[in-house]
Structure formats: C-alpha cells, structure tokens
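Here the structure comes first, spelled out in structure tokens, and everything after it is commentary.
By letter and in written order, the chains are A, B, C, D, E and F; residue numbering begins at 1 in each of them.
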C-alpha cells in the first residue's frame, strides 16, 4: 500500500515513457524487496518540475545550468 | 484550516471546471461535517497527473489502459 | 486510483478513529460520485500536524488559539 | 538539508523567472538565518497551480476572481 | 537533484534503521541508473503513517487488518 | 493563498516554538514581498522528520552524523 512520489527537474532532454516505466517498476520492486509490500497496491507518482521552479544552494536550476553546474 | 490535496490521473476525457468545483465543495463540506472545521480557511488543491507519470501494480496507467485494465 | 492527502491540526481534543474512518469513506465516495473513480484503488492519507507547526496569517495556530482566534 | 515546497496559483500575470529566483533565495536564507541550515543542500520546489484547481472557502479561485474576491 | 518521498503504514513490526537505509540507497540508485541523476544531491524522505490514518477502498488499514485483508 | 511546506530533520537540539514562529512569519512575509500575496490566507506547515527517515547522498542523516558529515 505504499505511496511513492518522485520529483525531478524537466531537463532539455525529456524523460521517455520507457524511463518512467522503469522508475515505476524499480520503486515498486524496492518496496516489495525491502519491506515485503504488495506491488498490486503500490502507487508511484512522478512530478516533472520546470528548471526555473527548482532551487538548490539558493539558485534556480536554470541559473546553475548556465554556470555549468 | 485544513489542507486537502487531491491527485488524479489526466484521462482522455478532461475533468471539467464544474467537476473540480464539486470536488472543492465536497471536500470542504466533509471537513466541516466530520470535524467542525471552518470552510472559510479550508484549502483544496487538485493535481492532474499525466498517465505516463502514475503507476500502480508496477505499471504506468498508460500501459494499464492499453491492456484494458 | 486517486490519492487524497488531508492535513489537519492536532487540537486538544484528539480526532477519533471513527472520525478518521468517516474522512476516509467520505473522500473516497466523493471521488466515486464526481469522477466515477474506483473506490478499491483510492488511497487516503491523513496527517495530523502539531499546532506549533501550522501557521496561517503569519502566526502559529498555538498563538492564534491563545488569542481566541 | 531542508526541503521547501511553495504552492501558488497561476494568475493571469505570470510569475517571472526573477521572482522565482527571489523565492528560492529568500526561502533558503530563511532556513539559514533561523535554524543555521546549510544553503548548499537546501532544496526549494515551486508549484504553480491552475486557478480552477485551487479552492478556498469551498470555491475555486476562478469563481472567487469572478466575484472580485 | 531528485526528491523522493516514500509513505508507508506504521505496522506492528517497526521498520528498522537498516531497512530505511536500504530504501534510501535503493531509491537513490534507481534515479542514478535510470536517469543518470547525481546521488550526492538526491534526497529521500520516508513518512511512516499510523494505520488509522491510511485508507484504501474506503476503509482504514486498521479496519482492514481486523478483517484479515 | 499560498501554501508553504517546510521539511527539516529532527536534530538532537529541538526546534523551539519561537523558531517555528520565525519560519512561519518569514515564509509568509516572503510571499507578500515577492508576489504581493495576502498574509491572511497564507498557510505554512512544518514537518520534522526523524534522522533515520531522511537520506541524502544515498545515506540516512543518522549515518552521516556518525561520520561527522
């Protein structure tokens, strides 16, 4: 019955449907393997966040990418 | 003062503004009826999530819809 | 498949297991009635937040309760 | 290491990249000033929510704007 | 820079610090393997939720456990 | 009408009610100053997370503190 939320930045190269499927499967298997949780009721939600809307170290990711960080 | 977040998948048939209004009103009334919470300060936020970005049972909803689940 | 998160303050009078059950049932029925969502896969998570940890109008709820707000 | 999530409505006048940068910087500095948290590992995520999808007082913000609230 | 939130029910058998470490490591590696994300800035937050506060199928987990579900 | 969620680790030295009040006030003022948001309807929720339940760089904060990170 776990609920897993994965938040990532929306980079120039979009995340493909196949990669999202791998994240869903991997997170579901992780909860099954570590805690014995039932995959049938495990929910995974992926949020893709604009680079302007994500900050770390006091700067937006847009700024950091410009500076090559 | 409650805060309610409703996450749903973005299906082919879009959710209308009227349906969203019904979710907001219904959730606000639920908190008033069960716990006596003040509707004036009850906040409801609805997130619509792409079918590729929502997984259950280890599969994305896109995959499940293809299989008629 | 909806996911509903309800955040409320932890007041002096605790919320009972029966009231929580009413919130779970009410939120699940709301999504079924408005959008036709399947109750079997609707998840509801309730968070109870300390009054010191919730603010509105720039003040913690603890402060507001002292002032009779 | 704090994580700060700021949710705001998407109003007619869009929030600029510069304003987002100010929110990221301000929230990061707040955690440093009040709790001595390291800005380098402070994460800020801003979510902009459609006015139809945000409710307060049992009404969507779209409805409230129409009524001049 | 991803942020991953894992919500699970607080069952009678508590989740150990070692299991939590496995969840943190597993989720961090998943984002590195699938999307090439930097483990150093990947954040994982685990929430353990009381069984009374988690509902599925319109019932709290407490109720479901009583019925052997 | 903004909603701000601040997640921090529960360190050995507890965060005081006064520091929480400063976070609430500071976050509310930030949204007023940058975006002109009304403080009266700005909500702030602070979550304090056990060090075992927070990971960065693939390790729990408990582990990192032991290693003097």
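Worth a mention:
FYI, a residue touches a chain if its C-beta (ideal position, glycine included) is under 8 Å from a C-beta of that chain, and two chains touch if they have at least 3 such contacts.
All of these numbers come straight from a predicted model, not from anything done at the bench.
Minimum number of contact steps separating subunit B from subunit D: 1. By the document's definition of touch, common neighbours of subunit C and subunit F comprise B, E. Farthest from subunit C, judged by the mean position of CA atoms in each chain, is A.
Against reference pair B-D, the listed pairs D-E, C-F or A-C yield one interface repeat, C-F (criterion: more than half of contact pairs the same by residue number). Taking shared numbers over all numbers used, the subunit A to subunit B interface scores under half, which places it in the different class.
Comparing the centres of all chains, each the average of its CA atoms, the largest separation from subunit B belongs to F. Subunit A and subunit D have centres, each the mean of its CA atoms, that are 20 Å apart. Once the centre of each chain is set as its mean CA position, subunit D and subunit F turn out to be 14 Å apart.
Taken residue by residue, subunit D touches two or more other chains at 1, 3, 7, 23, 27, 41, 43, 45, 54, 56, whereas all remaining positions touch fewer. The set of touching chain pairs reads A-B, A-C, A-D, A-E, B-C, B-D, B-F, C-E, C-F, D-E, D-F, E-F, using the touch definition from the header. Remark: subunit B residues 1, 3, 41, 43, 45 touch subunit F in the complex. Within the complex, the subunit F residues that touch subunit D are 1-9, 15, 19, 22-23, 26-27, 30-31, 33-35, 37, 41, 54, 56, 61. Across the interface of their complex, subunit C is touched by residues 7, 49, 52-60, 62-63 of subunit E. Residue ranges on subunit C touching subunit E, taken from their complex, read 17, 20-21, 23-25, 27-29, 39-48.
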